[in-house]
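The data blocks that follow each hold one structure.
Both complexes below contain subunit A, partnered by subunit B and then by subunit C.
== the complex of A and B ==
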């Protein structure tokens, strides 16, 4: 194997596939990147067996061949090179990287030992722009379960039904649902691991370029053109989320997102101090009062609202509100409530494409 | 106590004094800030008993008085307030902070329990601009000892002799010496704790505004105008650093700082891997070769130099070179050597105001 290409192009390819390489594993070949050069094209592959990423670049290939190199070391060396032409050459079991007056010789591994990515027959049943996919991930992934007690909840539901694509994440305390139109009549319901979506969202760019998506019974493949990302799906049935979301409310408050966010941030200084994250809302006709307290002190915040319905006193874990206010793309939102022990819905005022549900904290005393 | 001022001004004052407040202490009052309001001036003080910072702002003082508040909580709340007018009011043992529609009530502590900063009769024997002082700190502090086995080496020597101010730091492996002119005939030699200089350098601005410095036998006081910083000095005699610095060399290489830095960074990828940080220089008439190796591979780097004298092979801990190349304010430097077991001097080509000395690593085998 022997090829020459620009440092920038090489670095971008490494950055992309590196996201799938294992960092700590008992199977060292998974810490590697498989490099395969032929016909003026170089293909890079990395996988941790759950997630696999493959990308290719055009290069001057002087000699076909393939080898596996340590991902971290190879990547860091390339990153620190000057912006110039880089030559990568295999000799015996070693790889020689040369660039201007730098040369790095590193041991390679046998490419035959590198696990193959699942062979997937692409049918590209779904197409969605990078920009929209990125946003769908960002607005839901934070609500997945962080612990593994119910593994299915560590993923995001990908559901297509009647020309609508929905991403759903929930952890038992809150739920995030993001919907968009999709040009497909093929219904599907599959759960993608959070880790996969997290890595993909780092590769996706805010562009209109399309991502093609193919499903098999156990895998999903995202095709970005030069880069393919293959992930296993999570086993099991996702929770029937539709029956969790109430369709009615008893009162509704319209509130400015920044104002609410700032008030909750200040209130949560003390909430954090007391380790309960508890903040209380007192919703009244002339405004919403947010309070929190600990032995260190008390925070009292007034937030302007437009209220429909009667007032209510209700308490929440402040973190669950901060999470959604940070990512919602709206200036104003509706908060919809029914009773002090039923969920609150956060949604945009002018669209139903995003719904966030959060359970209240039941207060023992009426304080 | 009761005063009103702008949030920005209050926040800057808190940021400055907070650097001296203790974060973990068995003496909770040291986690506080003493706030003292009188005659339209509010003074803030914090100390961990080694370092004390005091700053004042102008404010509308409606009622004189003083109290101690928890530094972290008070600071975070102020920081999260909108840019508007803030009122701080003491009632009984509590402090009420109000700003627009936010109110924070926190418990205060008795100001009589707050330790007084050492009373120092200012003589302002030395004056130096903030900019220069900041630079003197930055170019030396990284070379102080990180462990406490010889406490005096955890500080920086402040030495005035014959109209020259020198800052000296050394840790047994390298030495950094920065010199500037100072308009004073009063010679002095005192050792300032590294922690003090680290905090001061965060307060100093890149301006020509003067800092006035006063010494007592046990303390140093920096007067920045609104802000005063008082620190204890380290006990004991500093090492006689002059006798460590060789005045002669057998060979001298002129080298570009960025080129050398990049080469050493790449070489140290493997040096780090092998945990020895070892890089080898092979200095020859037609250039300098830097190599490093581990079981993972070998890096070979050529760096252009202008050499005076014969060649040399010598080895170093790469970290000690990276540290100095990162902060030296020159495009090109001289590296001066004598033998493979004597120190290397790094200095600017056009000035003697900065000298860095680094000991080589003795190689067992001649490889």
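== the complex of A and C ==
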């Protein structure tokens, strides 16, 4: 194997596949990147057996061949090279990387030991732009469960029903639901591991380029043109989220996102001290008061709202509000409430494509 | 700053209370004892005149009568002892606001910095002892030290009416020669295991390599080693933290039994007490466990995780399920107990979607109901209202 290409192109390809390489494993070959060069094309592959990424670049291939190199070492060396053309050449079991006046030799591994990615027949069931997919992930993934008590909740539900694609994530205390139109009559319901989506969202660009998505019973394949991402799906049924979202409310407050966000951020400075992140809302006709206290002191914040319905006192974990306000793409939102122990719904004022549900903290005073 | 901690231990508390209200018992052998007709017919508290005959706590009533035919038995009156106990605590609270009651008849006091008010440690102890003697006609022993463990050990050294100081600098001489079984916190099982490691005295334990103890006992081994060296940093706390504590009740049955219905009634009675205590302290348990001691004294505990609860009904139902699943129905049971563990404070609680999906909302109502029952019991007595199953 022997090829020459630009450092930038090489680095981008490695950055992309590296995300699937294992960092710590009992199976050292998985810490590597498989490099395969033939017919002026170089293919890079990495996998941790759950997630696999494959990408190709065009290069001057002087000699066909393949080898596995340690992903971390190889990647870091390439990153530190000057912007110039790079030559990668295999001799015996070593790889020699030369760029201007630098030469780096590293041991390689036998490519036959590298596990193959699952073979998938691409039927491109769905197509969606990179930009939209990126947003779908960003606006839901933060709500996945962080612990493994219910493994299915560590993933995001990918659901297509009647021309609508929904991403749903929930951890038991809140739920994020993002919807968009999709040009397909194929209905599906599958749960994609959070880690997979996290890595993909780093590869996706804010462009209108399309991503083709293929499902098999156990896998999902994202095809981004030069790059393919294959991931195992999570086993099991997702929670029936529709029945959790109430369709009625007793009071509704319209509020400016930035104003609410700043107030909650200030209030949570103290809430953080008291471990619970507890902030209290006192919703009244003339405004919403947010308070928080700990041994360190107290905070009092007033936020202007437009209220429909009667007032309410309710308490929340401030983190759950900050998470959503940080990512919601709206200037104003509706907060819909019923009682102090039932969910609050956060919605955009001008669109129905996003719903966030958060459960309150029960206080002794209202039990 | 070196702390100053007292342990005040009431001597022969139950019988001393009886003698205080019935002076005829003074100067003659007497004991508070359970009903001789059933198995709880054991000596609970002999007075010092009875002890001269070799009568000890937990001895059977008829054995005691054999040793000393003149002995007078008094039936226990726990509510009276409780009220006397409160009076003792009131006296102690004149000396320090920081009191931790360890049981009905003993308490730790943190008197750090109080010397300026009341004098030298021994003088303070003498004052406390004479207050209790003059006002309540009761005896006590007091241990004086710089931490709770040494104060407890000191209080055991001279009884009755003893005042003993035991500082860390004295332990080599005063505490290390004692048997490990005399150490506070070491029971028969632990003593046996320590003996197997050739550890016979507290000194052996203190000098033992800590690794050996950790290997044998885990974290508890580390604690034992520290205590044997006179180190105990635990504070005197009015309401000690109950992070990993549990609340449980158990009872030895009058007769060995294989009667499920009878056992269920007993479990309900015990669950009621556990639930009452949990609700009073505002703790919910994440696990329910039962203890079964068979007639051959083999003891097992079995536990089950539950949604955090302090409801008598849920504790009881889980207990019955555990009993069904773990008992073959034919092996005679001698003792049964039930408890909740993994306690967490009630009150502020992040509501979960899974609480809502299940029917936990009706639980709120039931909690209110049981709390209402508790209020009635508090006001009119534990037996003023009970579940139909427990009517006799």
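Throughout what follows, the second predicted complex is superposed on the first by the 365 of 367 C-alpha atoms of A that agree within 3 Å, B and C clash if a C-alpha of one lies under 4 Å from a C-alpha of the other, contacts with A are read in each partner's own complex, and residues count from 1 in each chain.
Methods note: a contact is a pair of C-beta atoms (placed from the backbone, for glycine too) under 8 Å apart; a residue touches a chain by one contact, two chains touch by 3 or more.
Because the structure is predicted, anything quoted here is derived from the model rather than measured.
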Touching partner for A:317 - first (subunit B), second (subunit C), both, neither: second
Contacts of A:214 with subunit B and subunit C, given as first, second, both or neither: neither
Contacts of A:104 with subunit B and subunit C, given as first, second, both or neither: first
When both partners are placed on the shared chain, which of subunit B and subunit C touches more of subunit A: B
Touched partner set for A:170, first subunit B, second subunit C, both or neither: second
Which of subunit B and subunit C A:262 touches, first, second, both or neither: first
First (subunit B), second (subunit C), both or neither touched by A:231: neither
Touching partner for A:363 - first (subunit B), second (subunit C), both, neither: second
Sites on subunit B touched by subunit A in the complex: 70, 73, 76-77, 80-82, 94, 101-107, 262-263, 265-266, 269-270, 273, 295-303
Residue ranges of subunit A in contact with subunit C within the complex: 170, 172-173, 175, 239, 244, 276, 278, 315, 317, 341-342, 359-364, 367
Parts of subunit C lying in touch with subunit A, wherever the complex brings them together: 346-354, 356-357, 364
